[in-house]
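Note that chain A is present in both complexes that follow, paired respectively with chain B and with chain C.
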Partner chain A sequence: MKRAVAIAAKDLREAAGDGRALLAWALAVAVLLVAALQGWATQRQAEAERTEVSARVRAQWETQGDKNPHAGAHFGQYVFQSAGLAAFIDPGVSAEAGRAIWLDPHRRNLARFKPAEDQSPAARLARGGVDAVLQWVLPLLVVLLGFGAVAGEREAGTWRLLASLGVTPGRLFAGKLTGLGLVLVPMLAFFGAALALAAVQEGAGGPDTLARIALLAGLYTLYLAIFGFIALGVSARAASASRSLALLLVLWGLNGFVAPRLGSAIAEAAVSLPSSEQFHAAIHHDIQHGMDQDGDADARYQRFLAATLEKYRVSRAEDLPVGLRGLRLLDNDGYSARVHEKHFNALEDRFIAQADWQLAASLAGPLLPVRTLSQALAGTDIRHHAHFARAAEAYRRGFVDATSERIAQHNAGTVNTALADNTFWKSLPPFDYQPPAWTWALAGQWRALALLAVWLLGAAWFAVSGFKRLAREV
Partner chain B sequence: MKSMTKILKAAYFRAEWLRFSRDRANLLVLALLALLCLGAALNGLHGVRQRAHAQQQATAGTLERLGDMQRELASLAPDRPLVAQGIDPASPAKLANGDGTFRVGLPPAPGAALALGTAGVLPQSIEVSTRSRHTQAANQNLTNPALASSGGFDLAFVVVVLLPLAAIALAWRVRAHDQELGTWRLIAAVPGATRGLFGAALLLRLALLCGTPLLAGALAVFGYAGFGVAAWLAWGGFALLVLLYALLWLALAGALNLTPARSPSLALALIGLWLLAVFVLPAAIDASAPPLPSRLATIAELRALDAASRVDGEALEHAYRASHPDAMPGELAPQQGDHRIRLFSTQLAFDMKAAPVVARVDAAIARENQRVERLSWLSPALAVQLALEAISGSDRGRHQDFMAQADAYQSRWRDYFRPLVLSLRNLRVADYDGIPRFSYTEPPTTVAPLARAATAVAAWLLGALALALALALRRRHAARRNAAVRGALLGQSAR
Partner chain C sequence: MLQATQLSKRFGDHPALDALTLSIAPGEVFCLLGPNGAGKTTTINLFLGFLAPTQGLARVDGQDVAADPDAARARLSYLPEQVALYPHLSGLENLRFFAGVSGAATDAPTLRQCLADAGLQRDAFDRRVSGYSKGMRQKVAVALALLRASKALLLDEPTSGLDPQASREFAGLIGRLRERGLAVLMATHDLIHVKDVATRIGIMKAGRLVTEFAAADVSHEQLQQAYLDQIGGAA
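Entry: the complex of A and B
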């Protein structure tokens, strides 16, 4: 153990003495610090803005004045997805998923106002943030510190010297791994600060946020461990430090840049999405012409009218004791919601199937499963967005139906003159979204977890077997 | 001229090819690049064909629906009441309001398969109706956020991000390796061989590096657009960019190889330059941007206008009637207060008020894009990316042009239906023939993005050349000094 520590200390001294390694380490720490501070400030600003705008649009809803309840429903409401504290560590798909959903009668809308739509080409090319530092920069630091770990000793002839002093490959491995552990220091310090912030900040999410951040720290420790194992394994096998560096840089590039995009291409080839035009046209078609054997809109209306007249035991719509318009809206919107549910569920299934297919490119590196789990733990993956969208849809149906019921209850026959006032608008509860717990976030991620385990075990085996070969070189 | 002839000697190329092809790592890099280029080209081609198909379907669907409704109207009695549910071909209000889901689209340009650009994030077709497009949730792309956040796998990505890495992998120790092995002195012993072999090594790598991207580009462009002039222009622009960009990275590797640094240091320096050009500088340009107007605050602003638009709509309706007394002769007497008239006027009033608010945000985004374009010479990667997006027609400028044309078309649509709705008369069969049709007109071609990319590459190339020159002079100076010292020492020992 002492020898392993001595080797690690020697590596650290060498790293400190080597200007390149020190510079790389200092740059990585600086970049992480800047990204963390900027990410935190951006997230706080976004949350403050969301809270302020949510209050403004709610006030607009509550003070829309006297009008027909259905006209009020058409004024609609906007709901905004809140980002938890962990979201500043990994914003996930937030830029592409849309920040707001508009809720109005007759239709379910997709989330709108995607920050990605407003991004400049520079932002599209170079994505910054804490997640980018954790996923790209720190592994690069591991590569830069680890490429010469064994190949350098071999080239300098110090490995034979160490072996003659009784250092076994196992001890060398432990020493080198401990030396590489230096990379973890700034990362764990960052997660420690995030945990402290989550613990002291009011309304940060409580134990669930703490659990999410702690798990993210564990996840990225494993990710860097995988890179550490790979770096040591390659260094132990490479004929020279140069070759080791070249190979590790290729692996780093494949992992960080090729795998995600290649995964997207695979996913798109495996599971196709309808175009926006096809998606909305299909919904329109089903509402107009009916699903299965439901009949077209006019036939459904005639059926509804006949059933309503029979229910209230009258022969003419004018004689109904309730407002026909309200009942018709309830019937129409109920059918429309069924159509939308069918198409949106199918779309959501395709999104998730594509995300699963994207993991096929994990062969090129461990980033994809790590990123999938990271986004899930940060609460910013597509499953979390879908969870929010479903809650928003349930709320939409609730308040739209309430306006239709009001029309039915306050009118009679074909008359539709009763108005709603601000008291009524205020009586409809605001949207109160409860995000799912971290256990839910991980529940559907067995593929990513399994791939991460495979990479971890495979990389560890690769490193250990590489060091075992060293014994034959003595 | 004489030295150029030496560099281009076939023997040098043969010798360099032998050395190059014996290193399996070089062949592996080329094979990987070829695979990625082919994959990106096929992926781009598949995506653009799907997009074009969806556009054609939407356009054809719009025309088909209008045709069906016109035929249905012709078969109906002219004085029958309007139907309560669904689309009625005789109702101008329902038709104008978009019940038929009419769409206009931005057709993919000939080079569209080269770069996804903004096509992945910005709507490629717009629903046309009397409703404001700013409230239409259907006016957005249907993309999987999980895949969109990874970026598109297109040739622009392979060229801008991966081609430099391949250039670095092939040329990072093009001379340093020989120096480390001690074979460089052997080469230097042959007169002119150092320059000749070094030049041949870089030119050979340039040819091998550009080969597959150019072929893949040809597949992407001609596979979609055929062999028309526009397609050749797109491919020509792409080829020029690839050549310039590959030349830049090989020149940088070559310049750094003139230093006495060892190969690991060279690899780190080249990777550092790559990070600087591809990520750090674009990220810095983005980070230095002034903040855009808040989209969320805009929502609240638009809703306030929405709340007021009912009153504004009534005023608009009165003003229109006053200024167009003969515009609504209709069979039915104009009935102010009818919900169809009210809805139409309210929508119009809202859109008139909303347009400047949205235009303010759009103008801020346009300014930011112009700023990024102006600064793109700092990063050749960014400049090449912008030029590739322009060639592929997936740049923001073309999209803004489309939106302006779509807005103008929507105004024509509204102007056409306004008197029909306000008069409350039913549509006649002939009215369908007068409905405005949309056709996207391409903006004039500009070479500005190509020029910007060439400037960025030239600026970096000049930097590389200056570095190479400085290092060569330093080396020559050191050699002269060493010779002088050697001469002095020899003189001393002789005395």
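Entry: the complex of A and C
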């Protein structure tokens, strides 16, 4: 261990003496710092806006005054997905999927306010959050600091001198890995600061957020370890430091640029998505014409009316002791909700299947499983989005059905004149979304976890076997 | 101190070293002369444990190199043809690093004393070695040998590329090491300066030690003639 530390300390002094290495290190730290500050500021602003808008929307809901309950339901509500503190580390699909859903009767809406739609192409290109620094910049730093770790020693002849002093390949490996571990220092400092913020910031998410940030730190440590192993393995095998650098840059490019695009192409080829028009047309069709053997809207209404009259033992709608309009809304919205659930579930399944298919491109690099797990732990992947959307839908059903029941209970027959007041609006609880725990976030990610493990073990084997060859190359 | 007994190394069908037997006592400087491919560097690699012998034994201070290379290496120091140091570090920092990884003392006074004993100018101690000459680099390596209190020193073509002044300085340096009781094995092409440093000289050809004699017993001319007789006969 003492020798490994001596080798790592020497590498650090050499890096400090070599202006290029020092510059690369300083640039990476600066980029991480800027991205972290910018991400945190954006997250704070988004949370402040969410809190303010949520309060305003709720106040408007509670003070809409005397009106027909169904008209009140059509007043509608926005619900917002809280961007937890972990979300600024990796915004995931939030920019594309949206974080707010408009809730009103009869139909389930897709999320709105998608930042990606509001950005200019230039802004999209320039988007470099903490996730981009962790996934692209730090591995590049590992490459720049690690390409000559062994190839440089061998090329310069210092490896032979070290070997004559009893430095074994294993000791050299431990020293080089320890030296490369310095790349972790700024990253772990960043995660430490994020953990401290999560611990002290009010409403930051509590123990679950702390666990998620700690796991993200672990995940990115493993990711950089994979790159460290690969860099050392290539450096141990390459004929020269320049060849080592060239090969590592190719691998870095494959991981960072080819794998994501390849993954997208595979996912799109494997699982097609309906267009927005097709999606909504299919929902409309099923509501109008019915699913399976349910019959069309008119036939369903006739069945509903007959069953209702029989239930209340009357022969005419006008004689019902409850408001027919309210019961019909409940029946219609119940059917509509089933249709929406069927199509939205199918769409979610397709989104999730695409996300899983993307992992097929993990052969080109460890980025895809890491990105999948990063978004899952940050609570910003498609599964978390779907979880929020389902909670929003349950809330929508709850408040819309409550207004319909109010109509049914406060009217009789075909009369629909009873109004609701602010007391009623206030009696309907606000949306209170509880995000899932980190254990849920990881439970569905066994593929990504397995791929990460394969990359880690494979890269470690690649490095160790490369160093073993060194014993024959003195 | 350094002993080879029927030491042989084959690479496939090619005998790189064939049944070498020699013994170098403390205070002796044994110079191996010979053309490229004669087996000089192979001999050094076998003593360093970088190669496993096909047959025979290499011993350092009685320690079988093949059986425990680390123990053997702990007793010797090695000076390659080009002493490779880290260019962004000073001579002192390089020495501290190499001393640290070999388990030797790393306190500054000791390091400075060894550099001075090796003949490095004091104003060069804290300069980056990127500006060092070959001779200065060799002195850092010799300082390391002194620091580690090595019992034997292996030198591979140490005088190639040295100017006459540096060669003279180097011969003096080896002389001082010999006086300290180190056993020195030196592989060289340098017929001109070999007599300045050697106590014994051996000539190698095609992996075999074909002749050896005491350096004091031959003149420069006789040495050159003996070399040409042996090597020229092979051509």
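Quick note on the criterion: the second predicted complex is superposed on the first by the 474 of 474 C-alpha atoms of A that agree within 3 Å, B and C clash if a C-alpha of one lies under 4 Å from a C-alpha of the other, contacts with A are read in each partner's own complex, and residues count from 1 in each chain.
Following the convention adopted for this analysis, a contact is a pair of C-beta atoms (placed from the backbone, for glycine too) under 8 Å apart; a residue touches a chain by one contact, two chains touch by 3 or more.
Here the structure is a predicted model, which is why all the values come from computation and not from measurement.
S.K.: With the two complexes superposed on chain A, say which partner A:Thr158 touches: chain B (first), chain C (second), both, or neither.
M.R.: Second partner only.
S.K.: Have a look at where A:Gln60 lands relative to chain B and chain C in the superposition and call it first, second, both or neither.
M.R.: In the superposed model, A:Gln60 contacts chain B only, not chain C.
S.K.: Regarding the shared-chain residue A:Ile382, is it in contact with chain B (first), chain C (second), both, or neither?
M.R.: In the superposition, A:Ile382 touches chain B alone.
S.K.: Considering only the touch criterion stated at the top, classify A:Gly263 as touching first (chain B), second (chain C), both, or neither.
M.R.: In the superposition, A:Gly263 touches chain B alone.
S.K.: Now for A:Gly166: first (chain B), second (chain C), both, or neither, which partner does it touch?
M.R.: A:Gly166: touches chain C, not chain B.
S.K.: Please name the chain, chain B or chain C, that touches the greater number of residues in chain A.
M.R.: When the residues of chain A touched by each partner are counted, B comes out ahead.
S.K.: Which of the residues in chain C come into contact with chain A in the complex?
M.R.: Residues 45, 48, 50, 70, 73-74, 76-78, 80, 82-86, 88-89, 93, 97-98, 100-103, 128, 141, 154 of chain C touch chain A in their complex.
S.K.: Which chain B residues qualify as touching chain A in the complex?
M.R.: For chain B paired with chain A, touching residues are 25, 29, 36, 39-40, 43, 46-47, 50-51, 54-55, 57-58, 61, 83-87, 101, 103, 105, 117, 121-125, 127, 135, 137-138, 140-153, 157, 160-162, 165, 169, 172-173, 177, 262-265, 267-268, 271, 278-283, 285-287, 289, 292, 294-297, 299-300, 303-304, 306-307, 361, 365, 368-369, 371-372, 376, 381-382, 385-386, 389, 395-396.
S.K.: Where on chain A does chain C make contact in their complex?
M.R.: Interface residues on the chain A side: 2-3, 6-7, 9-10, 13-14, 16-18, 156-158, 160-168, 171, 474.
S.K.: In their complex, what parts of chain A are in touch with chain B?
M.R.: Those residues of chain A that touch chain B are 20, 24, 38, 49-50, 53, 56-57, 60, 64, 75, 78, 80, 92-93, 95-97, 99-100, 102, 107, 109-110, 112-128, 144, 147-148, 241-243, 245-246, 249-250, 253, 257-258, 260-265, 267-269, 272-281, 284, 288, 296-298, 300-301, 347, 350-351, 354-355, 358, 381-382, 385.
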